[in-house]
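See the structures that follow.
Look for subunit A in each of the two complexes below; its partner is subunit B in the first and subunit C in the second.
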Partner chain A sequence: MPGADKETDLSERIESFLSELKRCGSGAGSLRGSAETARETTALLRRITAQARWSNAGDLMEIIRKEGRRMTAAQPSETTVGNMVRRVLKIIREEYARSRGSTEEADQQESLHKLLTSGGSSEDNFRQHFAHLKANIIEAINELLTELEGTTDNISMQALEHIHSNEVIMTIGRSRTVEAFLKDAARKRKFHVMVAECAPFCQGHEMATSLSKEDIETTVIPDAAIFAVMSRVNKVIIGTQTVLANGGLRAVNGTHTLALAAKHHSTPLIVCAPMFKLSPQIDVSEILSKVNAHCPLFDYVPPELITLFISNIGGNAPSYIYRLMSELYHPEDHEL
Partner chain B sequence: MADSDGRQVVSINHSTEEDVKLQEVVQAKCEGKELTKEEKQRLRKEKKQHKKNKKDDRGPPEKEKEKEKASVLAPSKPATQSPAHKAAPVPVNASASESPVAAEKPAKSKAEQRAERRARQDTERASKQGKKEGGQQSASSKPKATPNELQPVVKRLPEHIQVDDPAALKKLAKKLERQQVPLRSDYGYKVSLFSHLHQYSRKNPPTQQISIPATVIHPSIVRLGLQYSQGIIAGSNARSVALLHAFKQVIQDYSTPPNEELSRDLVNKLSPYISFLSQCRPLSASMGNAIKYIKKEISNIPSQCKEEEAKRRLQECIDSYINEKIILASEAISKYAIEKISDGDVILVYGCSSLVNHILCEAFEKQRKFRVIVVDSRPRLEGREALRRLVKKGIRCTYVLISALSYILPEVSKVFLGAHALLANGYVMSRVGTSQIALVAKAYNVPVLVCCETYKFCERVQTDSFESNELDDPDDLIVTRNGKTHLENWQTVKSLGLLNLVYDVTPPDFVDLVITDLGMIPCTSVPVVLRVKNVDQ
Partner chain C sequence: MHQELIREDPDVASAVAAIRSLLKFLKRDQSETILGLRENMTKAIHRLEETDSSVAVSSGGELFLRFISLTSLEHPDLSQCKNVMIERGELFLKKISLSRGKVGKLCHTFIKDGAKILTHSSSRVVLKVLENAAADNKRFTVYVTESQPDSAGKLMAQKLCNLNIPVTVVLDAAVGYIMEKVDLVIVGAEGVVESGGVINKIGTYQMAVCSKAHNKPFYVVAESFKFVRLYPLNQQDVPDRFKYKADILKTVKDLNQEHPMIDYTPPSLITLLFTDLGVLTPSAVSDELIKLYL
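So, the complex of A and B:
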């Protein structure tokens, strides 16, 4: 029977995705970048929307929430999975609201005042059935996928605004976003890059070889020399694993030291992070979840040390992140 | 000498008058009057002055400066000056005395011209020599003029930070050739910010070019140099002690050649050794101070001292230096530092400092209850050695890499750091990464204590880690992870450079206290200690 086949096929795919997540960690040693993970998650969610059995938005949201919880449990440090689930949930809410014809609820999240006073009072139970809901949702998810595909390019396009000639730029570890950012700027401008190798995984080495292939003057420095050379650095550009709701970062270990050194020398610290990395979590204790013989994978960087966020929708100050959060996610979905 | 100089100085100003007088005297001679002895002398002097005035057209400022310097310095350093200046007046005198004789003949012009030319050349040569000596003397005798106050130091830039200057490199090559010490060549692509420093490869030790029996360098020094360049002996205390022991061996094997004095010859013998050692690895501040001390002791050996006696005395000096400045100093520092360690402390240390390890072991023996966090960094990974020593003692330790510093620092109550040298402006020069630790500790409000013996205090000043540093072998950064070695062929990639710094400087506002054998001082009191030490010596 076609329905059962579809279902088994779907659950197979979900299982294989979960096992992939469990296998490759995130951050250091991951075989795929977070952009890829985001795309795969969204594709999987689209498939769930298409193939699972549901009759109204509420059911769909339940299904997606359930799968989302399983996925985040498989790999807690890979936050893009959870973020994509929340995005899709918000899409579902929006489409449902549009189908119902009431657009005021969409506006409810806009103003800060309403945010503070309303607090999830939409009493919808999403039980109404709409014929075209599925198609609309799938279309919206397709739009999301397009957005995801273009994030790196959108960020790289802004590179020339921020990098001028003969600059010395410092970065740490390996971020595909920053790599693309710098390569794009190098097409028109000449500058020097110092890469901190980020022991013990030494991903900085890969970054350096990749950059030097594009004829960018690159130097590899050990982590211990970060403060020593910082006085000659004009800008620090880093990627991150997650952007937190308060504007802080959860980034690869050593980033906090780098941020402190930059602050001491009054060097601007620029974070290149696409919007799908934005996560509603603020809980700092969760940062130290990945500890293995005192080799922490991530650092918490407070928002005071960050100068600018460059994302696919443009540049933002850390103090604005909470607003972007409200545009992307619905407050009820913060806890899956 | 002063007299004639004075007169010369005066006579420059009265050149026109002299001219007139000269004319008169010549006229008198032509008129056949007999000249008295004094008149003859005066005539000679005036002719000389006349000729000098003519040359003044060529280079008046040089000569005047030289004469003024000469007049100022005459009271202080007559001995070295006089040969230079005697040379100047003597030929002129000679020519002056010649010329009046030839003055009457009409063909005098040719002889006069020749004499003038000769005199001119002599004076120019003398003035050049005098200027050089005068220059040096003016600089070095100025401190004598203002004794014990601000001493302007004539800075000869050390060679090892002038690698980008081809003239300096040529000078070094010539000097090494003269001393028969092999010149070590730089390796690999150097990051442009550090083009003024040497960068050597460990795979090309300088000893390859030496043939052992025929060399002018003592074998224990060769061995020491090899140990330095391969990193077998590392750490400023270890390097100084090894150096002093090697020098003891050299003194033991030394025998004064005939017609030479031990105090002078031995110092000259040590110079090629020191050049060789600095080729193997740039000298540390502690080694520099030790060498200065030895040279001073050697030159203070009285000349009537017998060779055996002198050698015994020098060995004793070296032993007492090691004992006082290193061993007893570390005892004193431990005593002070243990006061600062309380029960329940969590102490953070970085890398392997022999002094800090000693302090911790002593504190543990005195039954203090604490635990230690050892922070380590690539590529040297010296923390592992410290970890080994502490764990052997039985101290509870944790081990992290420097990138985990922000994670571990909230648990830490104190940070103990060692130093390679303390600079005169209060900056602490130490292993690269120390400044980072101090920075993050400051951000978390954790006190930072630096432990340093006074023999490591140095007169240099530096504000960042670029001006004077050491570049280690860049190949050390290459590592294999997940089966892949990304930097394996870094030399083939044109725009890729590896930077392996050895030292960095920590600003004094990150350091809360410096513990020395003289007591506990703030970072900014280093020049006071240096001054007290200099006065003692």
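So, the complex of A and C:
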């Protein structure tokens, strides 16, 4: 039966995605960048929307939430998976609201204003059936995919505003976003880059090799020398694994040291992170407890140490992150 | 009437009692025009503030007034307007009575097993948070400051004892001494101001400065109806009618000789605010206020 075939095909794909996630997260660095993970997650969610059996938005949200929970359980440190699931859930809610014809609420968060003016609870069960809902949702997910593909370019386009000639930039480890950012600036400006090697995986070496291929003067320094060199540095530009809801970071180990050294020397710390890395988590110790105690992979960097976030939608202060969060995700989806 | 309500249910927040009594007043009001209604309500709110000069009552009253203006804009006809107001008022009241529970649920996940918590004076919201955490089978100890001049801290310690939570009362002056032992600080708030700072029992500012010096997280728990339209830049900017009790304001000649009951804690010292609108950073508070008073 063709229906059954589709379903087994779908569940096969989900299983293979889950096993890849489990394999890739642990071990030497990240074998795939988070952008790829985000894209594959979104593509998989689109496939689920197209092929799974559902009759109304509520069912679809349940299915996606269930798969989302399984995916985040497979690799808890890879937060982009959960973020994409939440984005898709928000898309579903918006499309549903649009189909119902209700005026799209620009702000779905609770507010004092809503407490005062709403005349009775508007419990939305998402149970109504709409013929074009599937097509609309798939189209919206395609838009999301296009956005994901353009993120690195959008960030690199802003490079020339922030990097000036003869500056000394410091970075740590290897971030594909920062790499693209620096390479884009190098086309028009001449500057020096110091890369902290970021033990024990020493991804900084690969970063340095790749940058020097583009004729950027690069120096590799050991992590212990970060503070010593910081007085000569004009700016610190780093990538991150996740951006937390309070504007803090979960980044590769050594980043907190770098941030503290930068604060001490009053050097601006710029974080290049695309919006799909924004995660509704705030609880710091919960994140750290999931990390291997013998060699922590990630650091928590508090928002006070960060000067600017450069993302595909522009530059923002850390205190503004909560606002971007409310635009990307619905509060009920914070807990999958 | 307001005093009655407070005596009936000592657990209810003073702002909720204020709004309840205002709603009763609204029902009994005889005015013919909306303007007359507003005037009567404003007078009633002033009377309330005179009897119980706390920031929460003031913010609750202002919220109610705002609520009336918003409703009256939608329904120009008085009798229809009044019915809608009463209906929405009841709904509003129901929602905000639940807000303390919401805050409790949000905050208790931030309390880890084995945590040592410091709190200041007596706050019903903090009590609810600790109650929820204890119900979640978490083990933690609490230090409460005595909080002179009314020794409210001892009351809080008694309530915590009844919940079987190990609690120690410390002197107000011992905050610096005890700060190295604690893991986090949780306080309530009488009012949350536009900058994201809070107004709370005197001694809170001291605690915040100490926790910043020791790098301990300083959390504030407050319901959303406590948001007020004030923007103090320092301690002197906080209006006198909040700092001192109503009867003192009326009888005493020289306020410089009196001890203020509250102080202002600036947003730079606060890590996070837990409200029924969610977990907010101090910068998000002004956003919320703007949304309300647009």
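Convention: the second predicted complex is superposed on the first by the 309 of 336 C-alpha atoms of A that agree within 3 Å, B and C clash if a C-alpha of one lies under 4 Å from a C-alpha of the other, contacts with A are read in each partner's own complex, and residues count from 1 in each chain.
Everything that follows uses one rule, which is that a contact is a pair of C-beta atoms (placed from the backbone, for glycine too) under 8 Å apart; a residue touches a chain by one contact, two chains touch by 3 or more.
Model, not experiment: these values are computed from the prediction.
**Student:** May I ask you to decide whether A:Y320 touches subunit B, subunit C, both, or neither, giving the answer as first, second, both or neither?
**Tutor:** A:Y320 contacts subunit C only, not subunit B.
**Student:** Regarding the shared-chain residue A:L328, is it in contact with subunit B (first), subunit C (second), both, or neither?
**Tutor:** Neither partner.
**Student:** May I ask you to decide whether A:L145 touches subunit B, subunit C, both, or neither, giving the answer as first, second, both or neither?
**Tutor:** A:L145 contacts neither subunit B nor subunit C.
**Student:** Going by the contact rule set out at the top, does A:D215 touch subunit B (first), subunit C (second), both, or neither?
**Tutor:** The answer is first: A:D215 touches subunit B but not subunit C.
**Student:** Counting only touches as set out at the top, which of subunit B and subunit C does A:L336 meet: first, second, both, neither?
**Tutor:** Neither: A:L336 stays clear of subunit B and subunit C.
**Student:** On the superposed three-chain arrangement, identify whether subunit B or subunit C touches more subunit A residues.
**Tutor:** The partner with more contacted residues on subunit A is B.
**Student:** Is A:A224 contacted by the first partner subunit B, the second partner subunit C, both or neither?
**Tutor:** After superposition on chain A, A:A224 lies in contact with subunit B alone.
**Student:** Once bound in the complex, which stretches of subunit C touch subunit A?
**Tutor:** By the definition above, subunit C touches subunit A via 63, 66-67, 70-71, 84, 87-88, 91-92, 95-96, 109-110, 112, 224-225, 227, 272, 276-281, 283-284, 287-289, 291-292, 294.
**Student:** Under the stated contact criterion, what part of subunit B meets subunit A in this complex?
**Tutor:** My answer: residues 191-193, 377-379, 398-408, 431-433, 435-436, 439-440, 443, 464-466, 477, 479, 481-482, 486-487, 490, 493-501, 504-505.
**Student:** Spell out the residues on subunit A that touch subunit B in their complex, using ranges where they run on.
**Tutor:** Subunit A reaches subunit B through residues 29, 192, 194, 197-202, 205-206, 208-209, 212-213, 215-229, 231-232, 253-254, 256-257, 260-261, 264, 288, 294-296, 299-300.
**Student:** Mind pulling up the subunit A residues that touch subunit C in the complex?
**Tutor:** On the subunit A side, the touching residues are 107, 109-113, 115-120, 245-247, 282-283, 285, 303, 319-320, 322-323, 331.
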